[in-house]
Amino acid sequence: MAARLAALAVLALVLGTLGAVAWRAGGLGALQAADIGAARFTVVQALVSATLSALLAVPVARALHRRRFPGRAALISLMGAPFILPAVVAVMGLLAVFGRAGMLNDGLAILGLPRVSIYGAQGVVLAHVFFNLPLATRLLLQGWQAIPSERFRLAAALGFTPAATLRHLEGPMLRATLPGAWLAIFLVCLTSFAVALTLGGGPAATTIELAIYQAFRFDFDLARAASLGLLQVALCVAALAATARIALPQGFGAGLDRRTVLAPPVGRALRAQDAAAIAAAAVFLIVPMAAVLARGLPALAGLPGPVWLAAGRSLAVALAATALTLALALPLALAAARQRRFEWAGTLPLVASPLVLGTGLFLLLYPFAAPATLALPVTVAVNAALALPFALRTLLPATRRLDADYSRLAASLGLFGFARLRLLTLPRLARPLGFAAGLSAALSMGDLGVIALFADPAQATLPLQLYALMGAYRMADAAAAASLLMALSFGLFWLFDRIGNHANA
Amino acid sequence: MLTLENLVLAQDDFRLTANFAVPTGARVAVIGPSGAGKSTLLAAIAGFFTPASGRILWNGQDLAPLAPGARPLSILFQDQNLFPHLTVGQNLGLGLNPSLRLSAADRAAIATAIARTGLDGLADRRPGQLSGGQHSRVALARALLRARPLLLLDEPFAALGPALKAEMLALVAKIAAEANTTVLMVSHDPADARAFAPLAILVAEGQALAPRPTAELLDNPPPPLARYLGH
Amino acid sequence: MRPFLMLAGFLCATATAFVAEAQDKPVLTVLTYDSFISEWGPGPVIEEVFERDCGCDLRFVGAGDGAALLARLLLEGARTEVDVVLGLDTSLTAQAAATGLFAPHGLPPAPDLPVAYDDPLFTPYDWGWFAFVYDATRLAAPPADFVALGASDVTILIEDPRSSTPGLGLLLWVKAAYGERASEVWAGLADNIVTVTPGWSEAYGMFLEGEADMVLSYSTSPAYHVIAEGDVTKEAAPFAEGHYLQIEVAGRLAGSDQPALADRFMAFLHSPAVQGTIPETNWMYPATTSPAGLPLAFDWLILPVKSLLMSPDEAQAARGPALAEWRAALAR
């Protein structure tokens, strides 16, 4: 019931806004030749970015799962950080490392080696991997943690080689988790706009989202915008359909929550491999973020008052959006464990073009209220919707397991409704719920929301203030605001993630 | 009395029919080759498997409209009988009140059940800290607390050693006798069946046959059972 | 349950906050771009001064950048509550005029524009020349025109004409200067372009980080660094072809329910109070120089030999084909 309501709300938001734009335009418009090129580039870069992110995440997640070292927990938490950075901040961080005047090129210059360029398709992919590798790692790590330790104990008892473990335990888990993670990333990259444009190097790197932007903003061709939005939804559905055939529900059975200490596999080569995977990921992810902080922190204290007010407003929006995300994601994830269509409904916002979403909402709400008066509620609603697919993706493996392992027992005991939520669902899902809440809060914190259409200057959020500072030449203040944004986003993420981890200890 | 009235269970190419009654208070073994449908039969009675046709009645009442938890029965599965994140006491409390709002009387009942099943001092442990035998005892103690007139055992003791298993079966027999509980027990071990269940249902070749005296059935097994028993 | 309650409470609080704001004073709604009304733009000062004796409530509504203004207005259509639109530029006014939403302003032409500009529907409030800005300590001899730039190995950052007004300005600049040869010029520039950014902010930020030798900005940009930072290293490169002008204009809506206030605000835009604040908040030239004159730092800025500007209709007509040319020349 709750799931059906949540699914309807999401469908109404995603398809309703698209419909509103098409309706206002009086139909769909013809696509131009350049749009087809944009679609091709969009799909290709998303394919490469998603595949690289997902594959690179495998050794990192495995190493993190089977090794224990000081700072491991902190590193896993940090894994959430890049994904939640606003594009403009992340790009600045990446440029500080990989840019023409970045550390890497400075290093190469000292060694007398030729410079490398981040601009072009390689830059787009690099940035997308930077954003999404950590997300993939976290999703896979959850998959690893979901394999009951009894199974690893069994594997150890049977003297499984790492290859055998991979085949019998990790392989099936990856088969269940990897397509979902890949799909989520593919869809994120599909709607990428600022990253592709900033690092793409030129018009060859045009994404569908940019074409939509252009259709809205310069041509005011709503019909073409609606067509492009529909094309984007169609691509998403095709990707969902393709992965639906690969991804299989997990069948590991339940463990007993025993905390067995795993003996990590021995052997010099494996140790080196794991160490290299962890070190490479850590450097790749942390250095750009550190660069943002290093530039921004010194100016932090000098930030003007409105920026701090905006930060408070963003926090409130993030918390409200998180509550809404979870209220939508939990029933959907529970229902999706049995019926795939709920998973589809919850994934849909991923491909909704934020521009179409914003414009459609504007068209729908404009007759009833001044857009500026709705700025914060609409931002909350849209941020919640955009975070929903990630929350759902995080919860889904756990709800599937919950359903497979305990639904019979719960039913035989007549455990239903609120009691079931309190005694079974929430405790068993605490960990993924915490992660989902952290992700939602941070995403909402960093998101520009429904862009400028609803913006109210008196109620600007932190990302909007960041842009305002940049627009006013105040790059040093902007850098400080960026590091504040990063710190707050990450702080929220860390807090929720930690609550989730401790709740079921 | 449990009545299976022209019951047909079907899924893909699996098919099982049953048409018989089990008298109240009887202890009945459900025996037969692997894959014949013993667990499916219990799942249907418990409400986890919807029959293709026919009815399942308890004392004349059709169970079809009742959700699993509302049926006059308790079921013990092969595994996953306990929630690992809840303590023994909480797992037991679920048998009395699924929202765990327990009265003083409930707590007293739990304490009694703990004592009767030999779980003293373990109320605050979690399942991960218990042995296999203790797991079974907790599950049994919860069935005791639920005090339903029908108890379905889907091989919950299969993983226990012979002595422990015998001990658990004796405990079940004792508890069942006191409350005149009807027990259906899936078993792979003829000795268990003989020792525990005066009656037995043979499930084989698409049919569940009416209960017959266990000894008689095992001494003169029909061909499919004979093959299964290795005679 | 708790999240639901929290959310409900939050929404209620937001709603009541807005109700409480309602006042009896007439409201004048001005739609403009975000940076105009940010804490650091001219908006706050203008609001304060205008409200001092208008007996009204001046409300700014932000809509992203200049291009977004028009899209916003088209979305709202005739039902709009906006009284004045502020921040369109001449590459957009033809499209804006075609909506039929604007009423004549009746104001005299602004005196201090480098070209003659007299549009019955739109009145200019500031203007600037597009220019490539560089750091003189890193680039000693900047190229003198587009052809020299294309032939050099000087790196540049530009904005995308499909998503930013400076980007569109550059497109029209090359077109106005080279006409049929624009495509050739773009082909020459292709290997100088480090990347194309979605907006001015990204490009300028990347330039300051040292990602390229030059960035497409305004000839007035160096004044910011001098005045706000005491930094004299940033300079704009004078190009021999001349520099394309951006003239920012305001227009009053025909359907305004506060026509008198709207007219008053349009005239107020040319007052010294507004014009005097433009140079150091919007970092552009005022359309009517205030009696106090320009800040000293503006004296050090380059003065282009020639101002290029297409008429609104020309700009409107040129945009599509120029964009196709641009895309073809740069799609490597």
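For reference, chains read A, B and C in written order, and residue numbers begin at 1 within each chain.
Here is the rule we go by: a contact is a pair of C-beta atoms (placed from the backbone, for glycine too) under 8 Å apart; a residue touches a chain by one contact, two chains touch by 3 or more.
Just so you know, these numbers come straight off a predicted model, no measurement behind them.
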With centres defined as the mean of Cα atoms, the chain at greatest distance from subunit C is chain B
Most centrally placed chain - per-chain CA mean versus overall CA mean: A
Taking each chain's centre as its mean C-alpha position, how far apart are subunit A and subunit C in Å? 34
Averaged-CA centre spacing for the pair subunit C and subunit B, given as whole angstrom: 78
Distance in whole angstrom between the CA centres of subunit A and subunit B is 46
Contact footprint of subunit A on subunit C as seen in their complex: 3-4, 6-7, 10-11, 14-15, 18, 34-35, 37-41, 43, 60-64, 67-68, 70-72, 74-76, 79, 81, 95, 155, 160, 162-163, 168, 190, 193-198, 200-202, 204-206, 208-212, 221, 224-225, 228, 283, 319, 326-327, 330-332
Under the stated contact criterion, what part of subunit A meets subunit B in this complex? 253-259, 405-406, 408-409, 411-416, 418-420, 422-424, 427-428, 504
Given the complex with subunit A, which residues does subunit B contribute to the contact? 46-48, 67-70, 74-75, 77, 79-86, 90, 94-95, 98-100, 126-128, 142, 146
Hey, which residues of subunit A end up touching subunit C in the complex? 24, 34, 88, 91-92, 95-96, 99-101, 119, 123, 193-194, 197-204, 210, 213-214, 216-218, 220, 304, 306, 316, 319-320, 322-324, 326-327, 359, 362-363, 366-367, 370-373, 376-377, 380, 451-453, 455-457, 460, 464-465, 467-475, 478
